[in-house]
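Got some structures for you, see below.
Below, chain A partners chain B and then partners chain C, in two separate complexes.
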Partner chain A sequence: MLVWSRPGRILIWAVFALLFGVLFLAPLAVILLSSLADQWNGVLPSGLTTEHYSDVVQGAAWKAVKASLVTGFLASALALVSGTWAALALRIQDATLARVLGVLFFIPSAVPSVSVGLGLLVAFSHPPLLLNGTIAIVMVAHFVLISAFTFGNVSAGLARLSPDFEQVASSLGARPAYRLWHVTLPLLTPYLVAAFGLSFALSMGELGATVMVYPPGWVTLPVSIFSLTDRGDVFAGAALTMVLVAVTLILLLGLERVAGRQTRS
Partner chain B sequence: MADAAVLHAPITRKVPGRFWIVPPAALLALLFFYPLVLIVQQAFTDDSGMANVAEFVRVLHARFFLNALINTITISVAATAGCLIVGLVLGLILAFVPFPGSGVIARLIDTFIALPTFLVTLAFTFLYGSAGMLNAGLMEIFSLQAPPVNFLYSTWGVVLAEVTVYSPFVLRPLLAAFSLVDRGQIEAASVLGARPFRIVRQVILPAAVPALIAGGSLCLLLTVNEFGIVLFIGAKGVITLPLLIYSKAIQESAYQVACIIAVINIALSLGLFGLYRFAAGRLGA
Partner chain C sequence: MSVPAFTGSNVMDVDAAKIRGAGSNVHFDKVSVAYGAHVVLHPLTLDIAPGEILAMIGPSGSGKTTALRAVAGFVRPASGRIRIGATDVTDLPPYERGLGMVVQNYALFPHMRVEDNVAFGLRAQGADKALIGERVKDSLATVGMSGFAKRYPRELSGGQQQRVAIARALAVRPRVLLLDEPLSALDAQIRRNMVEEIAKLHRDLPGLTILYVTHDQTEALTLADKIAIMRDGRVSSHGPTAELYRRPPNRFTAEFLGRANLLPVTVAEGAAGPKGLAKARLGDAVLAGAARGEKPGDKTLLCIRPQHLSLTGDEEHTNRIVGTLKEVHWQGELTHLVLDVDGTPVRVSATRLPVSLPERGSAMPLFFAPGDTSLVPEDVRG
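On to the complex of A and B.
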């Protein structure tokens, strides 16, 4: 405790409440309120309605939820496989090469997402690698952008893993493949689940690359939220944003519980 | 993969498993580095397919590019400064003047990292937009004809939104650093009569500097690359480099100009990425 006097502490907590309220609480509260707003011309909405949600569920929005979930799942699954594979394979390279490759695997997270989308358009708009206009280019864009985060999470997990288990397993005569499947990967599971959850959340909110490459008919949640608000339909946009937030949080909390159970068992 | 992954040899040996790195590296090379190379190539090639820097130089001197560059840097530096201040204030209170429920609040702020950035912009239009709550309230109270608060559609609207979105990225390493500060030292200093401000300056801040540098350089990188916030505010006068790439490529189909701007944006981002790696390396993270 840094501040001992009661008035001092209350003053400091008031500062905290103000900052937290203005920066974090107010935006979330106002999105929730506007998604339920009937008409909003004054300080507060004139009435509440669930109409925007029912519009959203009946309309094209349901397709957007599906597009986002499918994209997020496939891109995260591919990123999980490739990130885990890379992190495991890097352990047996010599130190210098491992460091250089490690940085290369991280670089996609540093490049602006719009440029990733632009690069995909430039590279894959001609045969034989014609992806432009297909759903695959959206998956590829999301995969590239989240792969660095999966790789980073799994590498961090590997670094924290005690080498004892693997050494004991191999001294007991476990073959490498057996050791990987029955010792290393189970120990890594909490990190793999966390990596999958984070990349799924990032993919759900991805806008910059998607808006560059998406084909008509595969409109993800962020893109359809943008086109709604761009048309001036801000209440429907807010309702769809709440759907996005809810789906993301449910996914994250669910995966956290899975990861928690894995570590306990 | 199986054999390679677990051959955790303490001595570097020539094992065939070393080639297991090839599949993920090749995938990344095809899907990320190859398009990156094509962007650079397209930026320096004219219509006839010859190497040419004339267009590159022209864009570099163009008004729209310079404006976007200045906007990007101004927004990024201002937002990073804001993130550092907000992150530091929130972190100090959460770590050293905790209140009932402060752990829950810290986790709530942390979940902002997982939420889409444009959510905040959308919320800000309801709060501070020309027909938003604040303006409606002020116009009602003071019977004004026009909305008095207009900062949202300027650079400052973007800066405030980015501070909200990115200060959790400063808070996270900061709380980790604060958890290592010796509480006994602080209590000893305060028993000896040191005022809180002095304890913060002389005991807590020195321990927080590496986390501030790492969090700050990450914020610089993320704010330079930010797209959703700027797109959603949609102010004519606030164009940043990522938004310019989007509008040149998608709205004007000027792919070469988009590639030239992308080259500069990527170079800027990679420089900041280097800074972040350096800072995070010193932090030991």
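On to the complex of A and C.
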């Protein structure tokens, strides 16, 4: 804490609470209220109901949850493996090449995700690369969008890792593969878990590219929410959003615990 | 700190014999290292005998760590060869060199218990379980850490972590042990104890060759059989510890090892007599000191250690110089005086002071024995 005086601290907390409340909590609260609203014409809803939840649960909600979870898990796992591999490989390249490739990795996240989706749609529309209309293209889209973050996270972890650990391991007779498995990766675990959690969260919320490429029968949560609200079914969309928030939150908290256990041991 | 001392040789008798056989010499043959165009090690030729402790000391950036890492295999020499025993290891990867290494911050693997840290090398080499168990026990016993096998590194003090790091290196029965400033993260008190314990460890494992990098001259003087003093990527001097201290071959060595006083003198008479003493002139005073082949008329330096200067003369302390008293610092067991002798500051460490010390600014005689004095050439390079 840089500010020590009591009024100063109170002021800082007040500003923080205001910003947090307005920017984060207010939109969420509105969504939560809508998901429970019977009618909403005035300042507040005129009645509360759980009808929207039972509607979405009876509707396509579970299929959407499953599509999102499977997509998020597979794309994140793939991104974790390849991002880690890329970060490890780039570490032993010379610095300029590593920097150029590092920047290339981040390009997809600078392009609007709709364009990424469009690009994939065009690129994979001809044999032998015919992926249009398959689940695989959804995975690919998510992978392209999130791999930069796994790569960035793991690279940051590697940069903070003292070379002493690996060098001592080598001098004790550990060959590169043994060293990677028993020293480098365990020491990177907190970063790997964080990378996986971030990718998963990004994937769970991804809409732009998915909307462009998703096949019938593989409708993710954000796509369902989008089509519900597009149809004017705002309350059901809000209920489904709350489902998405809950699922993501549970997942992230679970990962947090895993990471916490890892860093403690 | 309640850490037991390294245990005596009883535990290690069998293993000491094994290591004794394994001890190897290290040979640097014109080894140079450069980072791009920046040469950090100029062709270095140096031998460490089997079972010897060589301390490599020198100021920060002088290339000590670089030389050690070249032996370990983490720095590729631009030219020259490195041999360990009969093996040319220059092109071998680190994991095939059979060394033990201890670094400044210990680098214990934080996710492994003490016993797994110590077992790491043997497991990596695929040793069998029974052997690993036995070696882990022995190595931990050697460093007095048997009771800590189940702890994690973060549950140990700095000194304890350092012991585990040494045990981990010893467990693989290295031919050579490389220590890079192993004590510099510890505080002064523990550091003194650890120096003594490493000395004891080497008495228990006399065959173990040790390259000990430090910038602390006390550690080097206490532990080393030989010292190599590094300066700007070159060996400034190399020799048996006592000899290097008593007869420093150049100004840098004299100043770096024990902060000697160096008075500019002119040689009056070359070496004479059974002790080979030369006579040199400093202003009006004629002083005797061990010669190094100087001829009359040569300008050179007279080296005298602060603790060899006495405030009173007798039949042994026959050299006499006069200086102006500048500063007096009392430090308990020692009192440090600084005098100005013909424009050169001269430090004196006195254990006993005369009843009354002259006023600051007044003249004061200093006495020293010719046998404690030697002539030292000025460094060729600035």
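Note that in this section the second predicted complex is superposed on the first by the 243 of 265 C-alpha atoms of A that agree within 3 Å, B and C clash if a C-alpha of one lies under 4 Å from a C-alpha of the other, contacts with A are read in each partner's own complex, and residues count from 1 in each chain.
We adopt the following convention: a residue touches a chain if its C-beta (ideal position, glycine included) is under 8 Å from a C-beta of that chain, and two chains touch if they have at least 3 such contacts.
A quick note: this is a predicted structure, and the numbers were derived from the prediction, not measured.
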{"item": "Partners on chain A (chain B, chain C) - clash or fit", "value": "fit"}
{"item": "Which superposed partner A:S147 touches (first chain B, second chain C, both, neither)", "value": "first"}
{"item": "Larger contact residue set on chain A - chain B or chain C", "value": "B"}
{"item": "Chain B versus chain C as contact partner of A:H182, first or second or both or neither", "value": "second"}
{"item": "Chain B versus chain C as contact partner of A:L101, first or second or both or neither", "value": "first"}
{"item": "Partner chain(s) touched by A:Y191 [first = chain B, second = chain C, both, neither]", "value": "neither"}
{"item": "First, second, both or neither for A:S171, with chain B first and chain C second", "value": "second"}
{"item": "Included angle at chain A between vectors to chain C and chain B, based on C-alpha centres and rounded to the nearest 10 degrees", "value": "90"}
{"item": "Partner chain(s) touched by A:S162 [first = chain B, second = chain C, both, neither]", "value": "second"}
{"item": "Nearest-approach distance, in Å, of chain C Cα atoms to those of chain B in the combined model", "value": "6"}
{"item": "Chain A positions touched by chain B in one structure and by chain C in the second", "value": "170, 179, 183"}
{"item": "Residue ranges of chain C touching chain A (in the complex, touch as defined)", "value": "72-74, 93-101, 103, 105, 107, 109-111, 120-121, 124-125, 152, 168-169, 172, 178"}
{"item": "Of all residues in chain A, those that touch chain C in their complex", "value": "162, 164-165, 167-175, 178-179, 182-183, 186-187, 189, 265"}
{"item": "Contact footprint of chain B on chain A as seen in their complex", "value": "1-4, 8-9, 12-13, 15-16, 19-20, 23-24, 26-28, 30-31, 33-34, 40-44, 82-83, 85-86, 88-94, 101, 103-108, 110-116, 118-124, 140, 143-144, 147, 163, 166, 170, 176-177, 179-181, 183-184, 198, 201-202, 204-205, 207-208, 211-212, 222, 225-226, 229-230, 234, 237-238, 241, 244-245, 248-249, 252"}
{"item": "Chain A-touching residues of chain B, taken from the complex the two chains share", "value": "1-9, 12, 15, 17-18, 20-21, 23-25, 27-28, 31-36, 38-39, 42, 86, 89-90, 92-94, 96-99, 105, 108-109, 111-112, 114-120, 122-127, 131, 133, 136-137, 140, 163-164, 167, 186-187, 190, 196, 199-200, 221, 224-225, 227-228, 231-232, 234, 241-243, 245-246, 249-250, 255, 258-259, 262, 265-266, 269-270, 272-273, 276-277"}
